[in-house]
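Two complexes, one shared chain (chain A), two partners (chain B, chain C).
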Partner chain A sequence: MSQLYEGKKGEKVLFMGNQAIARGALEAGVSVAAGYPGTPSSEIIENLADVSKEANMYVEWSANEKIAVEVAAAASFAGLRSMCTMKQNGVNVASDFLLHLVLSGTRGGMVLVPCDDPGALSSINEGEARHFAKLLEIPLLEAGDFQEAKDMLKWAFELSEEIHNLVMFRSVTRLSHASGSVELGEIPHTEPQAKFVNNGFILDPLEGPIVSAPVGYKHGLQQDKLKKAEELFEESPFNTYVGPENPEILLITSSGATLYSREAIHLCNAKDKVGLLKLGTTFPLPSKLIAKHLKTTDKVLVVEEVLPFMEENLKVLAQELAPEVGQKTFYGKRSGNIPMTGELNPDLVATALATLLGDAYSPQDQEYQTKAAQQVFFNAPVRDLTFCPGCPHRASFWSIHNVLAADNREGFVCGDIGCYSMAFLPSGFSTLKTLHAMGSGTGVASGFGKLGQFGLDQPVVSVCGDSTFFHSGIPALVNAIHHKSDITMVILDNSGTGMTGFQSHPGLPVDAQGNESPALDIPTICRALGATVEVCDPFYPYKTQQTFHKLLEAPGAKVLVLRQICALSPEKKGKKQFEMSVDEDVCLGENCGCNKLCTRVFRCPGLRWDEEKKVATIDEVICAGCGMCAAICPSGAITRKEVA
Partner chain B sequence: MGTATLTKDPYNLIITGVGGQGNVLASRVLGNLLADQGFSITIGETFGASQRGGSVMSHMRISAGESWSPQIPQGQADMVVALEPIEALRVLHTYGHPGVKVISNTRSIYPVGVISGDNKYPSMDELKTIIEDLTESVWFINATDAAMKLGNPIFGNIMMVGALAKTGVLPIDRDGFEKVMLRTMGEKKTPVNLKAFDMGAEMIT
Partner chain C sequence: MKLFAQTQLLEDVQGKGLCVGCGACVDLCPYFTTYRGKTAMLFPCDRETGRCFAYCPKAEVDYDEVYKARTGRAFDGTPIGPHLETYKAKAGEKTAECTFQCGGTVTALISCALDNKMISGAVLTDSEGRMPKPRLVRTSEQARDCAGSKYSASPTLSVLNREAKRGVRNMGVVATPCQALAISQMKMNPTDKPDFEDPVSLVIGLFCTWALDARKLEALLAEKGIEGKIIKADVPPPPAEVFVVETDQGTVEIPLSEVREIIPEGCSICPDMTSELADVSVGQVEGEAGFNTLIIRTQKGAELVKTAISQGYLVTENLEGDKIHNLATASANKKKRALAKAKEMGLLNTPDEEGRAAMRVSEGALNKIQP
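And now, the complex of A and B:
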């Protein structure tokens, strides 16, 4: 998709939201971009990395989000434009540095792009980065469609330079991962020079050393910057109003909810009654603009995802403005008209709007709906989340589960974020018993491993992916080793950030821009830290189980690296290592002592149970040819043949 | 450019299937095909938390003018392209109505609950009857088997695009498809995709 860089001004293209954001950064002349992969944010850095050489940019996947912000901040301190991207959870990781950065201020334009995931479509929480804008006291921008995603990001850099502070540009899954038509602007061709000037007076924001002290003074300065942003927001073209002069209801919305709101007004056929105030600048709120619109009506419906962030800020403002605009009635999340959790859609907004208009909104033909619902209930088996066919994690958890079951001391596994989070489901034999932030599996295990003095005698295991190991697994392991915590950490090394699409990390011999890079060896690091370390291939379950069992018995912090490349990795995708087959004469079917171990328990999507013949079969469309099922079949009926 | 017209505005298309079947690619190709003709397109994608095995859906809004929401309102799909038959049924439940059209692949992909023996998967004959009853018109094609003959089941998605073109519900054709392929896939991969497109079209009678 070379349109990202080569597309000319005025050209109309179909861009994914994240591509529009990347193009906006290019049109802003950004020099440095850093991030940590996380759905739905990852494609921004990926797209920029692809064109980094032509665009004279430096782009990296940093080891974690805090470091990504630090790397981008350095560029800003040296006078360059820079940005960093992450999913909502990443801002939590970065917040320690961010709280200092917003006091010390920035020089070259710097934009933080968090992508939130309302509805947790690919997350295990639906936390919001917007609240950090308030905590950090920095301007917050939210694009309402794909065109704005590009245009507004470019403007975010100008704003940052105007107030010399960080600006937050928040996206959501349905913008980042949706696509829409975008008209391109110009990419500037300049050669910015980096220089870190640090010899000026300590209070000189552009030439002095960069520190957050004196805090009282800098904090005041920071709030002045925010005030300045609010003034600029009053005239921002990203705040728009469509509708009658005196609407029956004023609908105030922002971000992805803008598209739902527009559609809801259409669905309710309420263009003449409902005014749509779309805000692109959502913190701080432009008070004069809000006052102007509040004057036009008495009823206000606030539509946003997920928590009532804008709603609560609007209410504070409306109270302050009450002498001028009068008392208003607000509808939204606190009134129960808009759900407090999950993502929105046109139907939810239309339902809320119809209620306020005194109508009922019925989206579907009732008779049809009932008939279809019955058919789905009786005939459409649910598709549970599952590890891919050929996934090394299924094999890893097979071994972990079996050893812990055989050990019989109620051992358990503490997990964290990655494809392997699914191990709390039957797909991973329900092996995972705690699941929180990245790196937390090992941190929590480190705590459990010290509870022996209080009588805890269950074996404690943690799992951690290779990218997560570098992100936040290392400090947790350091903690466990130093405190002689009795844990076995299993590092599931599938050679890439599998869940988000194989972004590079410090363990790989290549960086985001495709340059050769020194790969840091995980077993060597763990040994250097002082752990006992073993390395196995999870596709050889007996060796793996033997080794895991041995480590489980030893005291202190031990590490088992289970290394097998992801089935979807570019090197492996579509290439089978083994051609699998079932010998129907050997398969004992339901009479086998295993009672269909392969399909009933192992549950790989590449296997099927032939109801007529009462034997297992291989689904050649699905099977990835990993060979693992041959290793688990007790009758030796499943065989593997190396593919030449 | 811009001379073609839609039978309905916005025209709402859903492409559905199981992760790994090339659903997202199919929606990109179609989106580009229609955008090239000057239509305003919005595509919303469900990226499953599992890359393979989960239900996946792309919502496409095709309009001569406006940008629409990346989620189609309930009961408002005009056409459903299903790479897996049970997913067609699942989509009809939420987005169907008596006037909806469907093109469905006939090769099933079993959910793990079916593999493990916890759930049943209906026979293709039963499924056909159910889907026919819930649609105005429906085409069933065995795209996966045809794609296997072409060397890889993944071509099933492009066959569905070819089949969609042949139904004539949208202003898309082979020339436009070729242009998009050359731009996005390059000269090497275009011929085999054109072949898949043609094979898909031939299966619509």
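And now, the complex of A and C:
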């Protein structure tokens, strides 16, 4: 048992931000938590699932984010505290339900925890959930450090119950995934009872039916809740100020940028000139508190990541307050002092501060920078962004690429979200030609597949992971089948939500809490929908390619399930099916007509080119023993022996 | 022969639409493959010279060099090429009945060569559905299954390459003129491979005016509503102007004008109608059903024909002078058209500074052909 649940009040522990959030939920007495895996949010549900039985919680990995919010909302409607987690894209998926939920209101405290990814370190967009708080007209909280991540999350439930509406608690990668010291609080040991009261007066939000109509009336209620939240924010202990009474520059920041700002002020040695107003309640802004601080200076620097969300809200407020506080000059993203894309860091903030202070700031010594760059260039090995050794996706894309090339009709693949997104790179033989949201590969393919009447005669293929299939692949396939769209959907079934760390999904016989669960069979679902379905093992490329060729020739929507467990899955990790070896007498090296097919084209990291012997070799340490390279060597020099 | 590799081959042949899908570049390495009658590149290869380019009959072919190596004589533009004798021929009693295109001469010669172990196997073109499917046959029974013209471009040489790589030697090949040319280039070991062994000991060449794009032919037949198994396809001599398709459900005629549209561009620059680089060449005899024209070109070809006649596989008769004349005229016209077309495309004797040529032909031959 971890400190997450066992840790006593007053203990100081080192927690990752997501653990701090999970502990905050436990201290708040949350009964239900639901989410969909997505970096950097996944560890919150994972941590809660681990202690769910002891903590008398229900925790699930939902099929998608919209369903996660719906599941959590049900608990709130029944009077329980609930939360849901997701990465930033998940809020887009859930937004349809959310827009109704915030009108109908909630009962038990309910908190939405999106984790944004500035810099898109593990994402393919840089969208932010903050903007949804404004769109949804709900309070937005942002923790500035690890302690706050726990304490503020707990407070978010109290706020939600106070205003009877959803509260957004937004985290970012550097808060969710970094670790810091957290002093624990008490976990309550209560036995909450669920009851859905619904027979009250139709307009009674607490005892009547929970609906978003009549919209005009409910919308008015909702805005009153937001006003109440703003009043509470005026006194919030999560909004803090450090600095001189009349700073030369007032630096306003929030979230992970708080840490960068503190460090930047230190780097510029400017604590006597710069005041740091750290906001934990970023929407709606507490106007009285802001007015108080605006009065103290003329220059304001707003430091936040990605788009100028807080900056623009502050400017509107400052204009309203101008008669009271005077005209202020704002610096930040619109002025070009803070970048509009990517993550921030202390150097970027220090550079902005120094410019405004009229000082010079050089992040690093020029000589040091040159030396460091040289070290990297000469000593660090060149590395691809690539699939792991033994990854079934490499084998799948090998076959998909080769079949489309041989087919020679300029066929293409519409990609989707997962490890297999990397197939737009050389490691996946540059096979993907479109890449957007989850489930979009098949949706986009469904559209391409109807362009025959306008002369499009290229074969259309989509790829979709097993978890993605349940998330949003099914409706796209339904659409393609119903409209007789000519597509071949390849489902890369590696038996888990691989990219985010093997979270369960409806296709697996186990749920988030480790309970035995009915596993839904993907080929059976696709057949029931009316698709022609074939199932192959991608580690048998000949059969896979023959089957894929046949499907490509057929009209309508077809499905090829390529099923092989992920090399990193708990049941496979460390177990080699085959012992691989290269016969140095058979490997023709540079004389082979293949021109190093294995290491130049196939590029499994488990294969190395021996520069001295001029032959291919197996890297015993990282080879996963999948056996695939034996199938691609044109000379038959790579052999595999079944491990007993 | 000017040597280049994959990049140039893609540019010169695939890029200019000249690929006829003969299969010469396929299965030498893992990068060229063939599927449903089309040659495709799977991955780029950065070698500077390659057999793919060297064997290709549409890329930098030096006709003098190839003809000298194969026949001992320079390419002089003679209409039906170097030869020893010409006959009319048909299958004899020893050759079992099957669907012959005309007289069954090819099947007779291959059967004779296989039965007498003059070759270890023969690379022939079978069908799979409506697609040509080359394969290596080991017996005369198997050879008879492949009888009849497919009229579509077939990647026959891919099987030759594959089997040669597996170590099969002493193979016979039934080849179209472009394929006979590719085999002749292969026999020269142009890339000086140290372990090279010629895997081909007999080439039976087919007369060919053009072949058809296999996929487009399949689509055309589908468009015409032609169903059932195709038994035979044929182009009767002028003035018929039709393409006749015989299926197990009846016979259909398609106007030749429609069929000409699906001839690969690469055929239009081919100067060879009678497979001049084969050991023996076989074609139709104009206006005489049930017989083939047989041109014996090499000593090896002459020996095979002699054995085939003596053992009853083949029956020959003299070929009338007017028929030889007509064949020579048609053949000379093809040379003239092909060279004119290649010249028009800038692919004949292209000066180095202007790039690569598809074909290089001597001044003397040009004077004779007069494109």
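Observations on the structure shown:
Keep this in mind: the second predicted complex is superposed on the first by the 635 of 644 C-alpha atoms of A that agree within 3 Å, B and C clash if a C-alpha of one lies under 4 Å from a C-alpha of the other, contacts with A are read in each partner's own complex, and residues count from 1 in each chain.
The working rule: a contact is a pair of C-beta atoms (placed from the backbone, for glycine too) under 8 Å apart; a residue touches a chain by one contact, two chains touch by 3 or more.
Given the structure is predicted, the values throughout are model-derived calculations rather than measurements.
With both structures placed on the common chain, the touch criterion links A:Ala405 to chain C but leaves chain B unconnected.
By the document's definition of touching, of the two partners only chain B reaches A:Gly574; chain C does not. Residue contacts after overlaying the shared chain place A:Lys333 against neither chain B nor chain C. By the touch criterion defined above, A:Lys87 reaches neither chain B nor chain C. In the superposition on chain A, A:Val382 makes contact with chain B only, while chain C stays out of contact range.
Which of chain B and chain C touches more residues of chain A is settled by the count: it is B. When the two complexes are overlaid on their common chain A, residue A:Lys150 makes contact with neither chain B nor chain C.
On chain A, the patch touched by chain B and the patch touched by chain C overlap at residues 601.
Touching chain A in their complex are the following residues of chain C: 28-31, 33-36, 38-43, 45-47, 50-51.
Those residues of chain B whose C-beta lies close enough to touch chain A in the complex are 18, 20, 28, 31-32, 35, 40-55, 67-76, 86, 89-90, 92-93, 96-98, 107, 109-117, 119-122, 126-127, 130, 133-134, 144, 148, 152-154, 184.
Chain A contributes residues 1, 12-14, 39-40, 121-122, 145-147, 174, 177-181, 256, 259-260, 262-263, 267, 345-347, 350, 363-365, 368-369, 371-373, 375-376, 379-389, 419, 422, 426-427, 568, 574, 596, 599-601, 603-605, 607-609, 619, 621-622 to its touches with chain B in the complex.
Here chain A touches chain C in the complex through residues 401-402, 405-408, 429, 549, 593-595, 597, 601, 632, 634, going by the rule given at the top.
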